[in-house]
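Both of the next two complexes hold subunit A, though its partner changes from subunit B to subunit C.
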Partner chain A sequence: MKIDRRSFLSFVIGGAAGTALTPLPWKLTDDLSIWSQNWAWTPIPPRGETTYVASTCTLCPGGCGISVRKVDERVVKVEGLKGHPVNDGGICPLGLSGAQLLYSPTRVRTPLKKVNGGWQEISWDKAIQEIAARLRELREKDQPQTVAWVSDTDRGTVAELCKRFLTVYGSPNFIRTPSIQDSYELALYLTQGQRAMAGFDLANATYVLSFGSGIIEGWGSPPYLFRAKSAMQQKGGTISQVEGRLSKTAAKADQFIPIKPGTEGALALGLIHVILKEGLYRKDFVQNRSAGWEALKKISGDEFAPEAVSKLTGAEAKIIADLARAFAGAKKPLAICGRGNGRQIAGNEQEFLAVHFLNALAGSINTAGGVVAVPEPDYIDWPEPEMDAVASKGMQQARVDGAGGKDFPMSRYLLNRLPEALNAGPSSPVQVLFVNSANPAYSLMDTPKVEKGLKKIPLVVSFSAFMDETAAMAHYILPNHVYLERFEDVPAAQSFPRPIIGLVKPVTRPLFNTRHTGDAVMQLAKAVGGNVAAAFGWASYEACLQESLGDKWDALKEEGYWVESKFVPAAFETKSKKFEFSNADIAQLPAYAALKAPGDDKAFPLTLIPYDTLRLSSGTGGSPPFLVKSLEETILQKNDGCVEINPADAQKLGLADGVDAVLSTPKGSARVKVILSEGIMPGLVAMVRGLGHTAYDRFLAGKGININSLMGSVEDPGTGFEAAWGIRAQLTKA
Partner chain B sequence: MEEPKANVTSSGIGHGEKEDGAGGPIILFFILGLIASLLIGWVAFPPLLYSQKKQPVDFNHALHNGLVDNGCESCHFFREDGTYSGVPKLAQCIECHEEANSEDPEEIKFVEEYVKKEREVPWLVYSRQPACVFFSHAAHVKTAQMDCVTCHGPIGESESLKPYQQNRITGYSRDIWGENILGVKRNSWDRMKMDDCAECHATSGVSAGSVQTQKDGCLVCHK
Partner chain C sequence: MVIDLDKCTGCGACMVACMAENNVPFREDDTDKLLSISWMRVYRLKNGKPFPQAEECFLPRPCQHCEGHHGHSPCVSVCPATATDYDMRTGIVSQIPTRCFGCRYCMAACPYHVRQFNWWDPLWPDGMERSLNPDVSVRMRGIVEKCNFCYHRYQRAFDKIYAEGGRDLPEKEYQTACTQACPAGAITFGDLNNPAHTVYKLAQPDVAHEGQSRNPKAFRLLERLGTNTKVYYLSSKEWVRKAGDTAVQKA
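What follows is the complex of A and B.
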């Protein structure tokens, strides 16, 4: 029998017929369909028990309560905590994407040491011992003041532990990052004699005059202000927004008054001029509860008459006069200032004072709908540390940033002056720099200069949980837990008009070999030894936190927050016990002058201004992928950063919508995409803040431009505060 | 002129001869193919399709069922929010088994390997549906008052866990398609395919599958 082609075919046909009579094809078809619907690489969330943990968000100073949804141990969603006094269930896009930070690929998973320019893993004990050895050396050389510490806050147990460490070690150089808190705190201190935070009862105001503050763009506590703004507008209240660009806040305001940025203070003084001239101020407050108001006439003299202010600001004189009348005539007016989200720039102190005076003239100080002085938290009451001779001597040295010194006696922190100090001499006045929840290499003005300065510091230690720009430049990284893995207190909610303490609770166990910065600082102190070690008697950070919060601990653990329910703002603590429009300290400050944007007007005919969006984190941390993906086309196109200019300017420059251009400033240049917008004043170029990261992950790095790399520092002459609002710029066709 | 004709004829004859001679083998080969494929399809294929896996610990349902008060729900309970807990987690087992309660080697293994090392037991779940299937225990057990046995069979009476037969293609248990390769079932719990869901829904007159739309449809179960 020969097996030929035909018999083979016959065998195959027989096989096919037989196969059709078996379950094989039908079963395989079914199995393949199931297989193809369930690829192994399709992400499938594991099932488990759903639980919620009430905690507090730390991603901005807003102090919102959060409810974190977990499935078993996995964090799946961060939501606003219902019933929380600040946000009552509301949450901003950054807070919402907190889970992406917890599981971020850029988290620093273990302590790292830089060796030959690369990172090497190191044990916690070894890293702490090595850093402590350097710290002991400096003390032996009698140079404890060469250690500095940068942090985004000076309140709460962690910041207090850092400050305590520096004090008992012998350095006065604890430096908080610049923000409008600096200017507001000083304004309250100068006029009311109180070390307090400014709270704003926006919900109960009937008229809000905002000098460029991004009420719905991250200023203060975003969800609190979102709700407050809606509530006041629904009750018939109105908002006037004053700024150079039609921001989201301006678009949602009842009145938009475009003025040249940087002249907000002049407008405020112009309004004071009209109010005084027409006698529109609240006599009860001004005559009974204030002192020195006659001095106002001097500072808001004829040079601030509507016509003069019109020339300075670009707003019509009639609009200025009407604005003054509308403000003074409102039942509960409130004026606020600090451009954008107010997180990176302190501002022109005279501008803040002028705006604060406006509130005082309207009687809106410590009232419903007004500005409220919220006392600094007082629950941290630790025994004074015992200082040795080295520490006492070190603490008497001048601060490296000049704050509180002879030039700027009123300022407490001037981080913006640090790069200059670092770059001034051949050797750095800072030998060791600790950086905790701050990213100065990204957020300070003129980042190339900052980088140059930081490189001169022999030892930089970062406590960052993420590989941010400053951490990338550091010599050691002692990674903190992220906020969903740790205990911590949030001692205030920025802009919220009542004292409130939030508790950050560990929602999940730490994912990596990270350590709480509070514990790391204590262990560092113990490794340094002597009086430094003795100042930290607590067994752990958690024990310290629990002891500090005392009888509030139980309520905090249960509810997640503690709020002063019957809060009454304290009486003024000035010498006169009244609100002081003028006193010896205020008189020391130079008269108001609009600060000029750095650069030559001829070479740089335009002015670059930053703006903020809620869709980007422009503070300490980087934006998670969720935020970057949600950006509008007017901000980011693929990896290209965009700038907004007025069509009239575009025509002059020969630029069309969407074309590539080169944006140059005295500090540098960058390739950008041009977006034409009728909402921006001619002469301005606007760029978003919060992009152009060089560190972090591929979802954030290399996208857009860090505007701070193009900006230059502008010092407020009276206080030394960072007051950069813009820089001269030029746009040319690419 | 004759040459080509002869050629045609001879080739024609030649074909005829071959057909005659090969007719038998062709049918034979057809039958051979038929038998081989039937054997492969019915005998060889089913065991090849599944791999056999042993459960990490041999669990005695009957023994536990005799000790608890609340039947299946003692361990396979509904959470406060109405969701179904499924296979118990270690934390539940530890309530009774922090230490071994007997000399049983399986219990000792469980305590040594999992309880002491705080590792979850990687149980192989016979009734695990593909991820694209949404199933609510609450709707069936709480609302429709169905017994566990209807779908899961008398597993509560078993003294030992049978081997887990994993479909090599889909990765799911053989119990979903059913033991019978043809898909024939004798009991309601023999199969857990979509048709079986649909059959029960049809016979019990459940048509309002979706709470939101009060209608049946793909998206009721396939989210």
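What follows is the complex of A and C.
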């Protein structure tokens, strides 16, 4: 058949008309869309019975109650627990992302051993036996003190088990990670003679003076402080924030007083100067319940008169004097300090003392609306372990971090000094390092130096549930359950003004071949044998926990928390039985001096300061995907970390908003994006803390910069505490 | 819904609570906020003054649930698929993912940028899909999604009350995930038509004038457009109230 133009056209047009009339294309399009909408990788969450389990969050020291929603065995969401004394239903973004941590791809699923630089799976028994063999060896060589343990807390049954292990093994080297807890505990001890935690009754204060503390940026227990802040402002109370940058706390405060960072202590002493000079202190407290207040005149002499402090801090003299009057004149004033979230830096002890003195002058010690000394938990009352000769001798040795030694007799833990000690000689003074719920390779200042030190330790054992930076460097990982899979006690809620115990409950069965660190420590002790084994008589961690909590166990299991309802702060335990503004110990500390940011002013004309956000994990672990997703454009753009700088500085440096730049400090340099902000004081550059992970998953790793890798350690001269608040820096066009 | 901007701290708990409740997907790089899906988003407002007079305020923005005139919300009027509708009974603007075919007219029509498009298939890292909430369907590539005031929670609460013989929802029975999570207590949620509810007392809507608030501290976003929204904001600062009526600045 011949195909001519006519037949071709009728075939095409007829075909098209025919196809259009049949349902075929419409059916196909419909099928196609239904098919594409049912691709197997679009998950359909299975239905099931919904239940709620009351438990406690461990992601930061805040101690919030949580209500975990389950659908059958699946954990679907973590919510705040209504009626809980700390958070009453409120919860922070990290706490809300708990389910993402449970099901995180970065979890360590089974014990691992590093062989030739790579990970090899190993059985629990074999791993414990191999580590125990090394520990026995060190004891035979009479070197038990070369074992050290790093943890983010020294309270609660798990920390106590670790400490007990070290003690009976013969090492004094249990080291807690630095935080403002160190400086607050020491301030309370020096002035009130009490080993206690600082609680803050913010809700009942009428005036809060915050020296850079991020009340709504992770300081203390975030949801507790959020609620307290809302409540006090609702009642007409005011908050004054002293800081170099318009942080969220500063933005939401009633008054923002910009000062040069690092001079907060000088301002506090300046306020004391005015209060003493004008006689604005509460006579009842100062005259009847305190001792040695005359010494204050000496420490806040004329060098801290408003004009002098004005030169140091950059705040106007009139503002300083007015601030002192406002503070002393308020009905229930409260002063707090510790910059940002206070989780990685201990601070300048004299600054903490000065702020504590301010509270004392205002009579705000152990009162409603004041600073409250919350006693350390006392429920862990185990029999003293029996020590053998090796252990007793080992315990007599000096600590590797120098805490409690001749240079720093008042400090208890100085993890910040460990890298120096590790790097000092050809061989490491630490032969075995255990790390649980801490990530020193990420969180200590000057991370390259920390890494170098850690690499010198022949055996590093991590108990981390996640592959974090320290775990990645370890030789063995003995993975813990995550908090939704285990029992544990939370012995306090940081900054909460009453004793409270929270119980962490297993919400779901462990997903992987993990083991409770409490159990792992006990098994390790049994494998070491001798007196070490004998010190751990419990059948399991759960038995130990139940025994320790005693009659509180039932209430805890039912409610999820136990709170001291009729709490009355204890009387001062100093020699004079009064609040002591001065005594022999305080006199030993060098006088206040503003600590300088490391680096040369000429080569580095700016100062880099870190800031915190609740949209990044402030605890030990990394941030889950939801948090990274919620970050503002001023923090992260693609994989570039951002720095904030004042437009006036940017103009001088020839930088525009959004351009790439190189940020350099004496410790290193990094490529950053420039964000112009009117909320930052000229001369400063600010970068967020909590990004720049090298470990964890693709949702977190490689994003932004770890500011700690650019920061240098600054030691508080009297205590050895980590007091780094900033570092000199330069910003140049990339 | 009433959001007290004096109390809001910009922490982002509402955003994350919403993502966890409503199976909102996330991607490896979610920094381009025009492509990132977030039913609730916290904006940062600035007063534009130089340091140290600079002030900031945070503004959480869920779907504003416009009623317009007689239910003619901007997005509902343009949807050719009837995938979105205004419910006269609850005042909620719905979004039915399986009806939506992704023309994105609604996104263009919405004055508040509350609607977002799924440019990619939602993917969860292996194992994390176990944290998904069965009460909310997972949306697929090629469709638009937005806040629906946790409508599944309304359904649950209403079913429960109905079974018990009641017809009116008590305030505490139905609360959105963001309201529940807010640690600062900045968000209040309830029935704007019910004088017994806290939102009514805070917002003081004037029904004769399209819900305009009689509370001098209250404002609604872009009120002059006549969108008659269901989200009222409270602020004691005048510059914040003014900012709500111009354009929302980039965070």
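Criterion: the second predicted complex is superposed on the first by the 696 of 734 C-alpha atoms of A that agree within 3 Å, B and C clash if a C-alpha of one lies under 4 Å from a C-alpha of the other, contacts with A are read in each partner's own complex, and residues count from 1 in each chain.
To be clear about the criterion, contacts are C-beta pairs under 8 Å (C-beta built on N, C-alpha and C of every residue); 3 or more make two chains touch, one makes a residue touch a chain.
Values in this document were obtained by computation on a predicted structure and should not be read as measured data.
J.: In the superposed arrangement, which partner chain does A:L32 touch: subunit B (first), subunit C (second), both, or neither?
T.: First partner only.
J.: First (subunit B), second (subunit C), both or neither: which does A:N513 touch?
T.: A:N513 sits against neither subunit B nor subunit C.
J.: Let me test your reading of the model: by the given contact rule, A:T19 touches which partner, first (subunit B), second (subunit C), both or neither?
T.: After superposition on chain A, A:T19 lies in contact with subunit B alone.
J.: On the A-aligned overlay, A:Q588 touches which partner chain: subunit B = first, subunit C = second, or both, or neither?
T.: Touch status of A:Q588: no partner.
J.: Tell me which partner A:I44 touches in the superposition: subunit B (first), subunit C (second), both or neither.
T.: Both partners, subunit B and subunit C.
J.: Which partner chains sit in contact with A:D4 here, subunit B, subunit C, both or neither? Use first/second/both/neither.
T.: In the superposed model, A:D4 contacts subunit B only, not subunit C.
J.: Going by the contact rule stated at the top, is it subunit B or subunit C that touches a larger number of residues on subunit A?
T.: Looking at subunit A, the partner in contact with more of its residues is C.
J.: With both complexes superposed on chain A, which partner does A:L96 reach: first (subunit B), second (subunit C), both or neither?
T.: second
J.: Enumerate the residues of subunit A that count as touching subunit B in its complex and touching subunit C in the other.
T.: In subunit A, positions 37, 42, 44, 47 sit in both the subunit B and subunit C interfaces.
J.: Hey, which residues of subunit B end up touching subunit A in the complex?
T.: Going by the criterion above, the answer is residues 22, 25-38, 40-42, 45-46, 49, 79, 81, 83, 85-86, 130-132, 167, 169-172, 177, 181-183.
J.: Mind pulling up the subunit A residues that touch subunit C in the complex?
T.: It is residues 33, 36-37, 39, 41-48, 71, 74-80, 87, 89-93, 96-97, 99-100, 102-105, 216, 222-223, 226-227, 229-230, 233, 246, 248, 251-252, 256, 258, 511, 614-615, 625-634, 636-639, 646-647, 677-682, 697-699 of subunit A that touch subunit C.
J.: What does subunit A use to touch subunit B in their complex?
T.: Result: residues 1-4, 6-8, 10-19, 21-24, 27-28, 30-32, 34-35, 37-38, 40, 42, 44, 47, 49-50 of subunit A touch subunit B.
J.: Please name which positions on subunit C make contact with subunit A in the complex.
T.: 6-7, 9-13, 15-17, 19-21, 23, 26-31, 33, 36, 38, 44, 46, 48-52, 54-58, 98, 101, 121-134, 137-138, 140-142, 180-186, 250-251
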